[in-house]
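What follows is a set of notes on a single structure, which appears directly below.
By written order: A, B, C and D. Residues from 1 in each chain.
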Amino acid sequence: MADVLIAVCAAVLLMVAVGLLSVLRGPTRADRMMAAQLFGTGGIAALLLVGTATGVEAVVDVALTLAVLAAFASVAFVKAGQQTEGEAGKEERK
Amino acid sequence: MISAISFGIGILLLALALWTVVVRDTFAAVAGFIPYGLLLTLAWLVLRAVDVALTEAAIGAGLTGALLINAASRLHVTEAAARAETPGLALRLAAGAASAAVTVVIAVCLLHLPEPAPTLAPDVARHIASTGVGNPITAVLLSFRAIDTLLEAIALLFGVVGVWSLAADRNWGGRPGFAQIVNPNDILVYLARVLPPIGVVIGIYIFWVGADHPGGKFQGATVIAAMWLLVMMSGLREAPAVSQRWLRVVLILGPAIFIVLGLLGAFMAGAFLAYPDGWAKPWIVVIEAALLPSLAVTLVLLLVGPPLRPEVHT
Amino acid sequence: MKTAADVFTIVAMLAGIFFFVAGTVGLLRFPDTYTRLHALTKADNLGLGLVVLGLLPQAGHLVVALKLIVVWLLVMLTSADVSQLIARAARRQETRP
Amino acid sequence: MNVFQLFGLTAAVLVGLGLYGLIVNPQPLRKVLAFNLTGNGVFLICAVIAHRGAAAGMSGDPVPQALLITAIVVSFAASALAVGLMLRRFEETGTNSLSADSDAGSGQARANVESR
């Protein structure tokens, strides 16, 4: 069973990696922020799979922490965007 | 099988690291650094350092990302000017050669590590019963190497003092962060109302299980700190003014109790930070419980930065 | 009994992988930020849900199984909110002169 | 190749990459990022050594692992302090450059700060 879980984990990681390639290229900042979001879901799945496969029961606690905090950077991104907008108002779009 | 997945993690880690070093746009570099932190969590897990994975998940994936994203957004206007200062090809080649040399030296050293591997695990296993805790990492952090943890708590406190010292004179004693306009129907406000109660429970849970399972005060404090920051970012509550007495008391409470108990140990057990026989577990619990709020407040204050607005007295 | 649980796990995992693949294909193929965001947050969440579902029979303890479900619920809550936030940020950037 | 060698090599390359970025990239924020890469490389080395030291029924040597936890928290504090310095300097002078003649544009930026 452990091997199956690891194989599934490899598949998920591969998909996340390909997705990362796509979102990190942009073009907009919002696209790039999706990288965090992508890893929030895919990364937690991979984490749970590796942890269960290697018999580390405490992996659920790590996943819980990640689940609570994964949104944090994205929230900071949105807030920072609003603030710099108020301050300078100029931000190039690529 | 596990080495196949490790290979994938290693390659992906290096690819993301390369991205953060070479990409032109700083925001893109930071956006790559966040998944890098999450991937590192996976690496710690594969290396069976679950406590470290937990810390990385909390700090590396959560707080550091928020810190850097905010900085990258604010400093965006300076980027074009700074890019013009990129050093010439000769320096870049020299730097590349030097870095490659360092890499090779480290790699060679790591491939020739002594056999059998030196380890302190048997010593920890022999003495862990005297501490009363079941998690060897907690035993190391709060008993065998308690002085490190004490100094770390103090170093973090100095970090806060350093950040505060960056305040302009007119803002001293005021509130960090800019004034915010709250839209009560915003989805962020909804998130900041729903998530923190759950997050605080999870933070306290992770702190509590730290005695016997992976977890502990650093990880728990980080989760709680992030929840408070979320409430601040949504605008529901303002950051506290740094002149508030309760804030300063909470900041020093943990290290102070740590030092007092350490001194008490000097009288009762004959050495600073030694625990009297049979009292180790309760002392550790008291120290950890006192450090939890101090660390949470410290992390929040490190992230929100120096005061930016004078305190308005109403 | 053991094999039935394993078969269930494998089926759920395969379905989960399908949705992760769908999400990534969406990221690669969709033309703009909003549709990509849609692909990411919907498909990947379902993928994670199925992976969690598949892991449930492998969880040694009832508490672990409950925590697994909490993880999924939390991810759904946060990613639904964050996708809205990111979409709004993208829209603000777009409508700016 | 086993897990130790694999992550050991990854760590060595991370240190090198971080070092390169630290020297070559002129922007302070990028230097902080690069420094974090180097730091993570060192942490990874520590974790590999801890993993090799698995004995007495433990999955790793707990002493380096405990050090790692301390190190991660402290490196966050150091990054926060560095970012704070950068933002403050930007606010005061309008520049975020490390070169000696970068204070030229400070007048305009200072006016900007005063008007806030």
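The definition used in the following text is that a residue touches a chain if its C-beta (ideal position, glycine included) is under 8 Å from a C-beta of that chain, and two chains touch if they have at least 3 such contacts.
As the structure is a computational prediction, the values presented were derived from the model and not from experiment.
When the C-beta contacts at B-D and at A-C are tallied, the pair with the greater total is B-D.
Distance between chain A and chain D, defined via averaged C-alpha coordinates, is recorded as 20 Å. Our note on geometry: chain A versus chain C, Cα centroid distance of 11 Å, whole angstroms. If you average the CA atoms of chain B and of chain C, the two centres end up 27 Å from each other. Of all residues in chain A, those touching 2 or more other chains are 29, 33, 38, 40, 61, 64, 68, 70-71, 75, 77-78, 81, 91, listed in ascending order. Shown for chain C are the residues in touch with two or more other chains, namely 74, 78, 81, 85, 88. Of all residues in chain B, those that touch two or more other chains are 2, 46, 48, 50, 63, 67, 70, 72, 74, 188, 191, 195, 198.
Chain pairs that touch, as defined above: A-B, A-C, B-C, B-D. Put simply, chain C touches chain A in their complex at residues 6, 9-10, 13, 16-17, 20-21, 23-24, 27-28, 33, 36-37, 40-41, 44-45, 47-48, 51-52, 54-55, 58-61, 64, 67-68, 70-71, 74-75, 78-79, 81-83, 85-90, 92-94, 96. Across the complex, chain A meets chain C through its residues 1, 4-5, 8, 11-12, 15-16, 18-19, 22-23, 28-31, 33-34, 37-38, 40-42, 44-45, 48-49, 52, 57, 60-61, 63-64, 67-68, 70-71, 74-75, 77-78, 81-82, 85, 91, 93. Looking at the complex, you find that chain B touches chain A at residues 1-2, 4-5, 8-9, 12, 15-16, 19, 25, 27-28, 31-32, 34-35, 38-39, 41-42, 45-46, 48, 50, 53-54, 57-58, 61-63, 65-67, 69-70, 72-74, 76-77, 178, 188, 191, 195, 198-199, 202, 205-206, 209, 213-215, 219, 222-223, 226-227, 229-230, 233.
Taken in their complex, chain D has these residues touching chain B: 1-21, 23-27, 29-30, 32-34, 36-37, 40-41, 43-45, 47-63, 65-70, 72-74, 76-81, 83-88, 90, 92, 94-99, 102, 105. Chain contact summary for the complex, chain A toward chain B: residues 2-3, 6-7, 9-10, 13-14, 17, 20, 24, 26, 29, 32-33, 35-36, 38-40, 43, 46-47, 50-51, 53-54, 56, 58-59, 61-62, 64-66, 68-73, 75-81, 83-84, 86, 88, 90-91, 94.
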